[in-house]
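After this come two complexes, each holding chain A, first together with chain B and then together with chain C.
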Partner chain A sequence: MKLSKKVVLLGHFGVGKTSLFRRFIDNEFSQEYKVTLGVQIKKKIVQLPDGRELSMIIWDAEGHSNSEDTRKSYLLGSHAFIYVFDLAREETYININKDLEYLKENYTKVPAKVLGNKLDLVNEKEISAHLKTNNIPFDCLTSAKTNKNVQDFFSDLAEEITK
Partner chain B sequence: MEEQDKLKILKELLLTEEKEFADSIAQKVEELTKIVHQKKELSHKVDPIIDDKLEEFVQEIPKTLGPTITEALKEEIKNSQDAVVEALFPIIGKMIKKYIAHEMKLLSENISKKTKQAFSFKNWFRRTKAKVQGVSEGDLAISDYAKPRLIQMFVVEKNSGILLADYSPLSDGTIDKEMVAGMLTAIKSFVEDAFQGGDQNLELIEYELYTIHIQNFYSYYVAAVISGAYNMMFKEVLEDQIIDFAKNYISSKDLEDSTLFTKKLKKHFADEIV
Partner chain C sequence: MADELQFNPQVQVLKVSYDGIIKATDKNLFNWPKQSSIFDAHPFFEILREFEQSDYSNHTALNFPCIHLEDNDSERICDITITFEKEEITIILFDYTSKYKDLNQIAQQKNESILLAKELELKNKYLLEKEEFKNSFIANINHEIRTPLTSILGFVEVLETTKLTFEQEELARIIKRESRHLNALIDDMIDLSKIESGTLKIVEERFPFKDIMDGFRESYSKMAEDKQIVFETNIDPNIQEYLIGDRTRIHQIINNLLTNAFKFTEEGKITLSVTKNYQRTNKLSLTFKIEDTGIGIHEENLPHLFERFSRFDQDKQIPGTGLGLAIVKNLVDLLNGEIKVISEPEKGTTFNVKLPFKFEITKTAPNRKKKKYTLPESSNKFRVLLVEDEEITQYLIMKILISKGNFFVDIAINGQQAINYIERRKYDLVLMDLTVSKIDGYQATHMIRNNYGDKFISGVPIIGFSGKSNDTARDKCIRSGMDDFIAKPFEQEELMYKIIKQIAKKAAE
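Now for the complex of A and B:
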């Protein structure tokens, strides 16, 4: 039986949602910043460890300063959210707990993964310590530019949502 | 002293000033004549040279100024592509429209000619029908080809945009159906959200020669891509067939098994007239 899951990328403007999306799907990266209007959708077939194949349909939604402003119809029917923030810009994660709370309350069954992106711009040890000190939750730190942890993150997510 | 000499002396005495004036005028006239003559001569000598040079210059323009002008134009077009396209669009659109109208006329005439030459029951029937309806055989044949046809059908989960089943009476094509299903859902959601029409649903999308008929159910929707002239009669037949399919063949189990759903969809619509 065919497996398909919808995953939505969320977060502020310019945190690298589209870059992660492009890195994961097409293994491409561009320094040029083009703001996403509305949503773009792409698919990647992910090979699961048990031999099954998953069609991961990724919705790269336009950036918003808080999750409440994201068009609700884009979030409906999701199997996972990926909340992306910019490790080099504190304003993109300072209110993260409020945003995650909103998602948890309104989409109870949908897991939300938190991803700190642009690891290439910061010192990993220092930023990890800083996030922990400030009670900023995160599941993974990535760099779409260098491809660090990107493929692993999505593979783990694919496994988790098909359990 | 004779009489004549006296008169001469008298003339000289009385008309000296006038004579000097007349002489000076004569001299000036002579000078002017010389200048005019010289200019004519000059012009006669210089004009062919200037003409040659001008001609040479005109001939050299493509070589000398050409690349600079072309480069400048290219740069200008490159910098304002949108403006160029914007300006050309209506002109090209009009040209294409005229061209298509002309080609359709030729096609219609050609079909009429060929159907007159060839005999078959189909042609005979069309000829009779054309006579009854008072239209040309060519126009009738073209309208046969413009009949609405089902190209592709998608059954999509309403919220997630995940493709549950699909069917195409033609080939499977190269489009990524799952992505199309996602994008259709995004467009649908956007329109339904943006215009805040309560529980209203987007039911039709038209693009160029195709129409996407959308029929909404509780947890899924059916999108049928139609080519040709989508009309009310076709819409009603299609709606009835989709409702019939949903009512009689689809259970909640099918929504969880896309392979089974696709099989049922194919079977149902392969037998139907659309």
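Now for the complex of A and C:
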């Protein structure tokens, strides 16, 4: 049977979910901000290290300041969540622990990866130290604009959810 | 519900088997053929694979609002309802594209304004950081440049006192002139940086206005004589002898404008006129007019005259930093004044500066002329302790003092060593660099003033010196107990004046 996994992008509006989505799927980037209403869905075939092919179905959900506001049906049948925050806007990650707790409680088997985006706008060393000091968890820091760490992040995720 | 009716959505109904094959469809919205796989229609329907594998019997119907579905070139935004029956799945698509596009516009505007505000905040923060970096860079480079400049200027002066050939004299004169120019450039950069960062403080003090004007007349008449041009001053005799204002900045404005006039005038006349505009109670307004018959400025250059580094003359021999007029304009603004310029090429330029002042109505003017000091009579030489860690400055100051013939100099390379020396020997004066190691100049002074009962120790005159030429360094010196301060680079005459003044004052106690 064809290997297919659903991954949902979550987080505040304007953090760059759609930019990451477009960068990963089509390797494109636009500086122009376009709001996402509802959800847009695309798939990308990812080659796994063991030779298998994974059809990654990415759901780019509209932004909400907390995960509880995301429509439940969007999260149904997910194999992973990617919680995206904007490294240059503290309000997009200040309550992240509460949001992650909510996902953990309600979707116990679904891993949630935390991704700090817009690395091009900040100093990497300074922001990493700031996040650590403020106890903000993160799995990866990316820039959809420069493509920094984006492809690697999705490849690692693909491998992890197919283990 | 009312909304939905109002938008009157088009609907498409599909019947799909649990393995994803489209069994029936009305094709109202999308032309997906019967017997094809729904999974190939759009990635959204991959969700149905989950229903193959999981027990979704609890779900009789699922609603997915606002799903973007693309088919070839068209995009529809639909609400999707999926109902599960025993043998098949029913999928109903409600096309609300126009409703969602309207909502999208509203959300776009709302989010954009929030993001734009944040973007502006970030840009401001970035600019502020850049500005802070620039100011601290200038402050640091100032210190680093002034120290070697002190040595250059000082040694040239020492060199000038030795036997030199005509050519050597000329070379020494050039080194001195260029060093002074470099020093002026640093002063200008510091001033401009302070003005732009808002840290330049305007002070109000009582000052001898007429003395300052006399000073301009004396120094610029000499310069005019050398250039074989005429320099005139016309000061309104009704202006009070003493005024209240920022003496330093006012002097700087007039001095910059006069220096400029002299730079660009090779023949004819330069005039400084001061007239009273009005006087009310203790306030008055003066206009300073600086008029020259120099090369003038072309009309197209006038709007850029007060910009930084604007130099319109092609003659690179004319010295200048290109910062002088920018500083003048900024200072005039800070003093709540006005500056205007009229110019005609080959005919000359006139600057009109209008500035507000205050004056005291009752007080009589004290005599504030620079007092002359002489060293007290003594059969012994005066002993000076020089606290300095840089060898080149040690050598320079020793050279200057020893050449005068009546000083002994001891050198301490840090604050701790200075304390040790002072405990062992009586000094007539201490020259204290502020940034020496172990114990800095401020701390060492504090210890000298407070830790000893012996007045020969605790009362020794101390002059601080540093590459930091600002008022803060001076104030900090005085507050820490020093008697005076001298900024690097200093000229021999100034250094000797301060040393003699302190020794004479101490002897007179």
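Convention: the second predicted complex is superposed on the first by the 162 of 163 C-alpha atoms of A that agree within 3 Å, B and C clash if a C-alpha of one lies under 4 Å from a C-alpha of the other, contacts with A are read in each partner's own complex, and residues count from 1 in each chain.
To be clear about the criterion, a contact is a pair of C-beta atoms (placed from the backbone, for glycine too) under 8 Å apart; a residue touches a chain by one contact, two chains touch by 3 or more.
Fair warning: this is a prediction, and the values are worked out from it, not measured in the lab.
Undergrad: Should the superposition on chain A be reported as showing a clash between chain B and chain C, or a fit?
TA: Once both complexes are aligned on chain A, chain B and chain C clash.
Undergrad: Is A:14 contacted by the first partner chain B, the second partner chain C, both or neither?
TA: After superposition on chain A, A:14 lies in contact with chain C alone.
Undergrad: Between chain B (first) and chain C (second), which does A:4 come into contact with in this model arrangement: first, second, both, or neither?
TA: In the superposition, A:4 touches chain B and chain C alike.
Undergrad: Looking at A:35, would you say it contacts chain B, chain C, both, or neither? Reply first, second, both or neither.
TA: After superposing on A, A:35 lies in contact with chain C but is clear of chain B.
Undergrad: Considering only touches as defined above, state whether A:77 meets chain B (first), chain C (second), both or neither.
TA: A:77 contacts both chain B and chain C.
Undergrad: Of the listed segments of chain B (20-28, 110-118 or 218-226), which one clashes with chain C in the superposed model?
TA: The overlap with chain C comes from chain B residues 218-226.
Undergrad: Residue overlap on chain A between the chain B contact set and the chain C contact set?
TA: 4, 6, 38-39, 41-43, 55, 57, 71, 73-74, 76-77
Undergrad: Can you list the chain B residues touching chain A in their complex?
TA: 157-163, 176, 178-179, 182-183, 186, 189-190, 192-193, 257-259
Undergrad: Applying the document's contact rule, which stretches of chain C touch chain A when the two form their complex?
TA: Residues 42-44, 46-47, 49-50, 54, 62-68, 77, 100, 103-104, 107-108, 111-112, 114-115, 118, 122 of chain C touch chain A in their complex.
Undergrad: Which of the residues in chain A come into contact with chain B in the complex?
TA: Counting only chain A, the residues touching chain B are 1-2, 4-6, 38-39, 41-43, 55, 57, 59, 71-74, 76-79.
Undergrad: What residues on chain A touch chain C, complex-wise?
TA: Checking each residue of chain A against chain C gives 4, 6, 13-14, 33-35, 37-43, 55, 57, 62-63, 71, 73-74, 76-77, 88-89, 121.
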